[in-house]
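Here subunit A shows up in two complexes: once beside subunit B, once beside subunit C.
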Partner chain A sequence: MKSHWIMAAALSAGLGSPALSQDKVKLVDVIELSGAGATAGTNFKNGVDLAVADINAKGGILGKQIEIVHYDTQTNPGNTRAAVQRAIDEGAYAVLGPVFSGPISASMQISQRAEIAQIVAGEAAGFTKQGNPYIFRTSLSQTAAMPKIAKYLKETVKAGSIAVVWVNNDFGKGGRDAILPELEKAGIKVAVDLATEQGQADFAADAIKVKNANVDAVFVYLNEEESARFLRAAKQQGITKPMIGETTLLGAKVIELAGDAANGVKGHVGLSIDAPIPAFQDFGKKYQTKYGFNSDHNGLKGYMAVHMVKWATEKQKKFDKKGLADTLRGATIKPSDEPGILMETTIEQNGDLDRESFLAEVIDGKQVITATLPKIKP
Partner chain B sequence: MTAPASQESLPQRSRLALPASIDGILLTLVAGAAILWFAPVGMGRYGTYVLSLWLVMSIAVMGLNLTLGYAGLKSLAQAAFMGLGAYTTAILTAKFGVSWYAAFALSGVLTFAVGIVLGFPALRVKAHYLAFVTLAFSTLIWLVLRNEQWLTGGVFGISNINRPEFFGIKLFGALEFHRFVVVITFILAVALWWMIRSPWGRAFMALRENPIRAASLGVDTRTYTLLAFAIGSAYAGFAGALYAPLVEFIDPSPFSLSQSFFLLLMVVAGGSGYLLGPFIGALLGVVLPEWLRFAGSLYLIIFASIVMLLLIACPQGVSGLFERGWARLTGKNSGGKNSGGRKGTF
Partner chain C sequence: MAEFTAYLIAGIATGAIYALAAIGFTLVWQTSQTINFAQGEFVMLPAVLVLLAIKLLGAPIWLGALVGIAAFILIFGVGFKLTVVDPMIKHGVLPLAIATMALSIIMKEGAKDGFSAEAQNFPSFVPTQTISVFGASISLQHLAIIACAFAVIGLLQWFVGGTKLGRQMQATAQNPTVARILGIPVERMVLLTFVINAALAVVASVLISPIYLAKFSNGEVIGLFAFIAAIVGGFNQVRGALVGGLIVGIVDSMAAAYISTQYRLAVPLILLVVIILLKPEGLMGRKEERRV
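Take a look at the complex of A and B:
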């Protein structure tokens, strides 16, 4: 039975790491390509690939071509940790991803110990509050986005009472915990506080509950597939009150899956290929041409993440891993300096971002931007 | 799916199979532990981490192998028990500063006790019904882990779980902690090896093969069913107590029902009812997908295909395959899938 151990040793030997070649700079994208986060992760991955192709076509970073590797996390914290560890063992210059905050929390100590920047797509509030100087976002956090939603609900929608429908995972619970105090401050009564399941298929009962509560508006904070299913169920139950969302609810994937039921949905979007910024629209067209479907906000995040690395490397004029994180911290990246960043982005000391965002509405199956909101600290 | 053999009577042991093969298993464990002690040198932290994760999962699979492979009880709650152990250890060490060793022991005791309580229905229900009872329990535990945020951190999980010290040696580094995991896994594997050889082990197998005959021979089926289930659950608790400091972060997702199915798959793929089966099963479940990553986006499809082909070609899992190969090599009559028997398990 010794052969078991020989097999183990043989397999283990296969885990050894190849060396980083000299004329290339290696980035590792640790991302959800299977499991609950696959939709978001695939968009992010495509965005990263598009950015790498663009940069390499223009000569790379400081003359070096980017070598990109994607490791699937299966949306599992333990696997994510293994993947980030592998990235570091393989000499990655920076780690990109993941999207979900559980996997981020499980892996961010690894990049911190190795003093390597980890540029993630997560929006949950918690992980930038732990004093880790190597974690960076690519989008607004829930803490930054939710006050904008509450203001919108009060001033534009003029809602006095509201139903909050959220998915009971780290993303949904984080969003729900962030918006409730904001709604209270704005004097909006939360009549229904409804938790739903990740992967839930049938939202009829939830839609009926919301309908019976007779609220002025419904705030929907679910992942992509679930958002679409809820919108369909709400339409079937004849809910006519405004459906308000934050980024995900107005995303391309949700609009595609929900069909007619997405029309009329309004809310706040952090990033959108339909934003009135030519660079965003160009990205959207390039993405559509290459992959055959529209990018959601995660595609933009992936694209920006690679350009954050490029900008900081060119700024420090060398490939210094620790220096990359130091350069990013506290920086403001302008599209005039780095067109790939697409819009002016300020990185705060804890890795949170500040940038403009948008109000949008879904009209005839398309997201239409209705207003641009300024940075929190202009 | 459960056991490769369903003999009416315990098969006659071949000359080779008796004491020599028993020692063979033990020797394999010793040699394996020695190899794994040194294996990660120069392997990098990623390889070391994957090896540690493999061993931790092996402990959980060993427990399920006892429940399923030896005692024939189909449990779908192994990941839930692992979660109980992981959360007990994480909460005690991270929130209350309890020593990891005490937390490890308590995790085992707690999962053993819960196993006894949950095992009572096992006396009344069997097969599919037992699976349903454990399925319900699994869901219940998952809901508690997720919803009782004041205790478990809910969906945000518990982070910054410390690794233990060993007589003043900090096990912070990947290699040190890996060696610690090797030692614990070795102790638990030897304990199980001893148990299987003891009258308890024979009683467990008698329960699986023919409960009525076992009862008529004076085996207290109630006690042994409970014991098998509780010990199997305690192994999951021990695995959880190692998993938490290994990953240094836990949330409910690795302890969901699907993970219980995955552990079940590891038992069957490795060879249920073989003492070394869990190591092979966990190797397939943990290391193989990592190793297949060179195949890019196809790796999970390749992994699933390998597992399916394996189970079609050899329902007894890899251990059964090895055994048949060994029988053919030594010219002994493998005589179909059953008569090879479980070398070293008696």
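Take a look at the complex of A and C:
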């Protein structure tokens, strides 16, 4: 008799566990929490956590609470591949991250083979050109951003010659390869084409080289910490020419680390908590309250990534991994339908995004939005 | 010429930091005949501890600096000698070298987990302005680094060569057995050497962190280049470490300027290979022979 009770208890425990897991949907965030991408990755992770908390507080997705797991890739492509595989083995509904383009390129075939959506924060042009239907961006690609930068350099900065300072990784090389043809089309001469290394600490020689080139403007396309170090080195060398960047250069972390050296930096930003959109500003306040520092664009990307999953799942009315990717492709998500998306976002068939973006300037240690640019295909 | 001068000053400033760290390599080598593979992390950690003290104690910068620096010298000067070097040296230099590799990883990961994985601002005691020297714009920060590093190295040279305590240290490094017979407190001299190594690391850390930003991974590059500098100059000579550090710093700066920024890291390594092939004891090192 006693053994029957034990069996019944075991059976009910066995039946109880799946029931509990059925109340949750698992998302795995494969993200740079250390290494060269730690700043970007930490912001993305925090954005994801905020979104999960918001969604769970409102009842979750189709009644299920989100279970979020973060795996640190250490900004290492091999670790990223292993983490994506682990996420799939653990039954993740979708994979979020990483931010750095090299690790994205190294890992996205794994999610493609498993037919599971991977929503990433990378900006390099290349990885959405490889016909992978399961990769989705949370930011504009370099292909979309660079023409806007070239136009800005020509019409607003009125630059005739320029120095291009880029980081020698997938992100930097992609940006450099995307901006050079646009500069040529705009008739801007590239006087200095300067590669730097990921994780580089000393930019004195680079700044001296840029200074002596005597160009009209400097286009800086580096990761966050390197951007700050370069701006500091440029200030030390007394470079007074306009420093122009794309999103990263005007990010909160860069401004914090570069201090006074960030003042006067201008450029194009895809996402910003300072954008004249109340939803962005509300997110910025919420983030600041929870983490004690300002979110950069990667925080917004993390927040949007989770809401892309939510919107597509509610749209298809079921938890179908493959269907999630199918629903996202070609969709336009409006804040009226999904407030967490923050601004109207169109997802192209290849996973690229189209949406409004901004021109900004750093004034007194704060990013100030000076203009809003329309979608490429309004 | 102005451009060359700017590159030269930048190279000397970087080289001065490498020299401070490289001298640490030579000091540890002279007293324990081993290599401290955590030397780069020794330069990384003081800045992190200072920021941590400011954050945890809510203290002003000067107090945070005092607490952080004192804690570092106590833990990684005295503590390193008592808890890592003393127990391991009895088993030969190889276990000790491996122990310093483990220490390097512990320091790096500890800084990452206990402080931050992200770079942080470190206050500079010099304004970020430039002055004109021979038509070249020279950063005041670079000049301050050069002045401070040379002053500290000069002080060390004077201490080692011009004071009784310093000469006792030298005697201990050259032949501890004879030094002991002569009544020199060898153990105390060795301890003093490790404290000086920690103090040099503190100076290097405070000088370089406003430029590199305080980050757990800073020790990787500094440790590698200081190691190259020590070999280039001569592992058993403090003067050699100074010369080696300056050469590596200048070569790095010139390589970035006139060869390629992409291959700049390879140039000091090529220099290292050349030195090992042509003068294995280093430019200013002396040949060491050992009986087996």
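The rule is simple: the second predicted complex is superposed on the first by the 358 of 378 C-alpha atoms of A that agree within 3 Å, B and C clash if a C-alpha of one lies under 4 Å from a C-alpha of the other, contacts with A are read in each partner's own complex, and residues count from 1 in each chain.
Here, a residue touches a chain if its C-beta (ideal position, glycine included) is under 8 Å from a C-beta of that chain, and two chains touch if they have at least 3 such contacts.
Note that the structure is predicted; figures quoted are calculated from it, not measured.
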Quiz prompt | Partner chain(s) touched by A:Arg86 [first = subunit B, second = subunit C, both, neither] | solution = first
Quiz item: Looking at the overlay, what does A:Ala234 touch: subunit B (first), subunit C (second), both, or neither?
Solution: neither
Quiz item: Can A:Glu225 be said to touch subunit B (first), subunit C (second), both, or neither?
Solution: second
Exercise. Name the contact category of A:Leu33: first (subunit B only), second (subunit C only), both, or neither.
Key: both
Practice problem: Could you say whether A:Gln130 touches subunit B, subunit C, both of them, or neither, answering first, second, both or neither? | Solution: first
Quiz item: Does the superposition put A:Ile55 against subunit B (first), subunit C (second), both, or neither?
Solution: neither
Quiz item: Looking at the overlay, does A:Gly174 come into contact with subunit B only (first), subunit C only (second), both, or neither?
Solution: first
Self-check item: Touching partner for A:Lys209 - first (subunit B), second (subunit C), both, neither
Solution: second
Quiz item: Is A:Ala261 in contact with subunit B, with subunit C, with both, or with neither (first, second, both, neither)?
Solution: second
Quiz prompt | Comparison of subunit B and subunit C by subunit A residues contacted | solution = B
Quiz item: Both subunit B and subunit C touch subunit A; at which residues?
Solution: 33-34, 168
Quiz item: Inside the complex, what are the residues of subunit B that reach subunit A?
Solution: 24-25, 28, 31-32, 35-36, 39-40, 43-47, 49-51, 53, 146-147, 154-157, 159-160, 174, 243, 247-251, 253-254, 276, 279-280, 283, 287-288, 290-291, 293, 296-297, 299-300, 322, 344
Practice problem: Sort out for me which residues of subunit C touch subunit A in the complex. | Solution: 3, 6-7, 10-11, 13-14, 112, 117-121, 128, 130, 137, 139, 141-142, 211-213, 215-218, 221, 252-253, 256-257, 261-262, 264-265
Self-check item: Of subunit A, residues touching subunit B in the complex
Solution: 1-5, 7-9, 11-12, 14-17, 33-34, 70-72, 74-78, 81-82, 85-86, 88-90, 101-102, 105-106, 109, 124, 126, 130, 168-170, 172-174
Quiz item: Tell me, which parts of subunit A touch subunit C in their complex?
Solution: 33-35, 38-39, 42, 168, 194-197, 199, 201-202, 204-206, 208-209, 211-212, 225, 228-229, 232-233, 235-238, 253, 256-257, 259-261
